[in-house]
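Below are two complexes that have chain A in common, paired first with chain B and then with chain C.
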Partner chain A sequence: MEILVYGTINSVSLALMGLGFAMVYGISRVPNFAHGALYIVCGFVTWTLFHKIGLPYFISIILSLCVNGVLGILMYRFVLIRVRGMNISEIIASYAIGLAILEGFRFGGFRGMTYTLPVFMEGSLMIGSVPVDFHRLIMMVIGILLVAGLWVFTHHTRIGLALQGMAQDERAALMLGIDSDFMAMLAMGFGAVLAGVAATLILPLGNIVVESGYHVLIMSIAVCIVGGLGSWTGAFFAAFIIGYAQILTVVFIGSHFQMVVALLAIILTLILKPSGLFGQQKELEERV
Partner chain B sequence: MSTQESRKERINRGIKVRSDGLYALMSWRELSYLTLPRFIMIAGMLSLPFLMPDMYWQRVISIVCIYAILALSFDFLAHYVGLVSLGGAFFIGTGGYIAGILNSYFSIPPFLTVPLAAIIGGIFCTLMLLPCLPLKGVYFAIVTLMYPLFMARVIEAFDIFGGTDGLVGIDSFSSSFAEQYFVIGMVLIFLFGLRRFVTTDRGLIFTAIMDNDQAVKASGIDITRYKALAVFIASAMGCMAGACLTHIYMWSGISQFALDFSILPIAATVIGGSGTLVGPILGCLILVPVSELLRDFGTLRIVFYASILVGFILFKSGGIMEFGQRKYEQFERWTKI
Partner chain C sequence: MLEAHDLMVFYENMIALNNISIKCDESQIVGIFGANSAGKSTLMYSLSGIMLDIRKKELMAGGERITLRGEVIFQSQNIMNLKPSLRAKAGIVLCPERRRLFKESSVLENLRIGGYLATKAQAKHTLEYVMEVYPALQKLKNRLGGFLSGGEQQMVAIGRALMAQPKVLLLDEPLLGLSPLMQATLIKSTKAIQKEKKISIIIAEQYARPVFPIVDYAYILENGAAVMEGTREELMNNPDVKSAYFGVS
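Right after this comes the complex of A and B.
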């Protein structure tokens, strides 16, 4: 029972982390290696607004999500747009930005165990015989709502459909009058906001530390690769696979192996089926 | 506002054109035009230990050379074979651990462990990377980025080879002089060796694999074998650098799998000029000392070199070397349209 409950919670949080990465890659084909940095930025901005400036918690969350979105858009507009299509430059540039942000925070004094955000709701609930606090439940509900909301957004709104068109075939979308650079910028903004949502939901459970930026990056890459780069449903299911696998290893083998499982999943998936479980990439594009 | 009436044109210098062919041998001027840059490079590298009498800066020279070997292997693999490996730390760590194990468990002296580590490490890395050789582009990059993290976690989780403490008490080189000349010599040998190698028949096949692997396959050439050979060359170089690092610090540990070793060589390659093979060394000669000077600022130096990296990618993607080469070989003038 414990495995079931905490496995689900772990999976949902992994899905939240991976969603933004999957979205950006799916639409603009830019592997956003600054994803972890954006996650941490949102945490620290919320912390600053809430504790230093004294805004209400809800408003500071909304504001920091906006900051994140703008940051993502600026990053695309001024840096990534120039290197788009050159895989390696994309990776190096976005990774360098992420590195600069994270290490900048570390230099700016954001380190140690003092940075925490309050949970949304105190108290806990018994599911069967397992105590689960309300915050984790809220996180699950919001996570599932978010996935459902994204599905509706991409299937039933104009912008969502345009984004989907971009993801399927950029040139055809361009021919139909979809401004691909604008859409990619938008996707980057959405991806940054999703990273922020993940941060505001997951960070109250622990401390805000710079290292978790790298951790989030690795986990979101793991989720996206196992699920198939560019496939959102794939990322969602992969999050469940990796989430349960991690909980099972923690219970039966030891918590040291938690990270080994994720990394092994990436390496094995890439070797056996590089397009992932649900990937739609053509085989020829990625391997010979 | 007036329309632009002139444009800049670049023309090869006369001496460059004259020294292109066999006739360069006819005059000392053309000969020296060709050999001077190479000579400055070699003489400069060899005289570095004399120019830096300070103990601390002598150590920096060794570190520069280690990064330079790593950057050279990255440049070779990325721009002559088309396999972009973000896992420099994987090579460094493997070489470092092999040298450490050979030295502390079997007490083999450093001048044997370094070549042994290069060969064993090269074979090990090639075997580990063999299954992902069919991958291309971003997929290969990500999988190689994961390998060093994976190795570090495995060593930590199984608590082998000293676990988180690493292997301590490893022999150092006999003297700091020997250490520096060994690494400097290795950099020069690898540099000129690789430059020679990429123009041989094998090197041509590598470049062809980068340009169009399907066509190479269609010509009846086994591309996986050639890719494995290229990975072996690059990883043996990286492992040798790692082995030297272990002996210099007399220690090998998990931090040899750290991301620094993956990122700094790439930054050096981008700054120095990708695809030139000299560029990465130049980049390391600039980046590593700067990063040492900024050591007092703590992690701000990472911010600093990350921003330089982004700047170079955006505005000078050719790097310093390409810029210098252009100035050396061509002149510019404004002409009326």
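Right after this comes the complex of A and C.
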């Protein structure tokens, strides 16, 4: 029971971390190595607005999500647009931005265990024999709503449909008047906001530390590679596989091995099925 | 309405289009005929601006160098350097070779993605129109693009292009791999679309025979150069054309 409950919670938080990365890659084919940094930016901006400036918590969150979106858009507009399509440069450029942000925070004095955000709601609930706090439940609910919301957005709005078209065949989308650079920029913005949403939901459960930026980046890459790069559904299922595997390791082997599970998952996927769980279509295309 | 003057395209040092000039007037159907690798697709990509995207992607990936020369004139403006998305917005819409449907989206979604440039009313109206021209799609609305037969895919591809509200519709090998019956149906509907929507259509095909009855004017490409051109009557009575493009099809 414990495994089921905590496995699910862990999986949802992994899915939240990976969602933004998967979206950006799926649409623009840019692996955004600054994803973890955007996650941390949202944490620190919310913290500053809430604790230093004294805005209400909710307003601080909304504002920092906006900051994230703008940051993502600017990152694309001024840097990534020049390297999109150059495989190695994409990674170097986005990782450099991520490093600059994260190490910038460290340099600027955001160190140690003093940075925390309040949970949304105190208290807890018993699920069977397992106590679960309200914040984690809220996180699950919002996570599920977010996925549902994204589904509706990508299937029923003009922009969402255009993003889907571009994710599947950029050039065919271009023939229909869908501007790929504009869409890639939007995708970066959405991806950054999603990183922020993940941060808002997950960070109150612990401290805001620079290191978790790297951790989030590795976890999102793991989720996306195991699920098959470019497949959102794949990323979602992969989050559950890795999420449960991690909890199982914690219970039966030891919590030090959590990270190893993710890395092992990446390596195994790359050896056994390089295109990932849901990459069949792409695999077929490569063979043709 | 849409014209190309002295168009030249090089892939590295290989010349793919050699000084081609073509013209398509308002409400005309123009045929571009040529064997494999004659340069039909290259011409279609140059007209629709996709060539600029291909060139950019090759440059980014460190691939081959593509050079473009000449002019593309649309409604008396030179659009040689206009981005493909803006050309589509201006009304030049390409329905590409091999259809390139969005395979993981349903037929209806494919059409609605095509309606990106359309207003709500236009999209609704065109969607109804597409279903009317291709009644076969009615039952397939929710089928994924990847699970359609070749003929069905082609109908969706043309429908999707129509959703973008073209003034000039470019069709690159729409008949590729289709049965003669399907070919005839598609050609008939293409003529109907031209008449009812009052648009211009440029069709590139290998074999002239199935398309010939509906074209007003045609060009024959060989190795990237237009070796012959004329109205339907002129070409039909030309013995060279007869043997080369009607004998074996």
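Just so it is clear, the second predicted complex is superposed on the first by the 281 of 288 C-alpha atoms of A that agree within 3 Å, B and C clash if a C-alpha of one lies under 4 Å from a C-alpha of the other, contacts with A are read in each partner's own complex, and residues count from 1 in each chain.
Heads up, the rule we're going with is that a contact is a pair of C-beta atoms (placed from the backbone, for glycine too) under 8 Å apart; a residue touches a chain by one contact, two chains touch by 3 or more.
Bear in mind that the values here come from a model prediction, so they are computed numbers and not experimental data.
J.: Is chain A touched at more residues by chain B or by chain C?
T.: After superposition, B is the partner touching more of chain A.
J.: Taking the superposition on A as described, I'd like to know which of chain B and chain C A:125 touches: first, second, both or neither.
T.: Neither: A:125 stays clear of chain B and chain C.
J.: Return first, second, both or neither, reflecting whether A:218 touches chain B, chain C, both chains, or no partner chain.
T.: A:218 sits against chain B, while chain C stays out of touch.
J.: Does chain B (first) or chain C (second) touch A:141, or do both, or does neither?
T.: In the superposed model, A:141 contacts neither chain B nor chain C.
J.: Given the touch rule stated above, what does A:88 touch, chain B (first), chain C (second), both, or neither?
T.: first
J.: Does chain B (first) or chain C (second) touch A:248, or do both, or does neither?
T.: Neither partner.
J.: Tell me which partner A:173 touches in the superposition: chain B (first), chain C (second), both or neither.
T.: second
J.: Return first, second, both or neither, reflecting whether A:164 touches chain B, chain C, both chains, or no partner chain.
T.: A:164 sits against chain C, while chain B stays out of touch.
J.: Can you give me the overlap between the chain B contact set and the chain C contact set on chain A?
T.: Common interface on chain A, chain B vs chain C: 83, 87.
J.: Can you list the residues on chain A that touch chain B in the complex?
T.: Spelled out, the residues of chain A in touch with chain B are 31, 79, 82-83, 87-89, 91-93, 95-97, 99-100, 103-104, 106-107, 218, 221, 225, 229, 254, 256-257, 259-260, 263-264, 266-267, 270-271, 274, 285-288.
J.: So in the complex, which bits of chain A are touching chain C?
T.: 83-87, 155, 158, 161-162, 164-165, 168-169, 171-180, 281
J.: Note which residues of chain B are touching chain A in the complex, please.
T.: 78, 84, 86, 131-132, 134-139, 141-143, 146-147, 149-150, 153-154, 156-157, 213-214, 217, 223, 263, 266-267, 270, 297-300, 302-303, 306-307, 309-310, 313-314, 317
J.: Can you name the residues of chain C that touch chain A in the complex?
T.: For chain C paired with chain A, touching residues are 48, 50, 53, 56-57, 60-62, 83-86, 88-89, 93-96, 100-105, 109, 112-117, 146, 160-161, 163-164.
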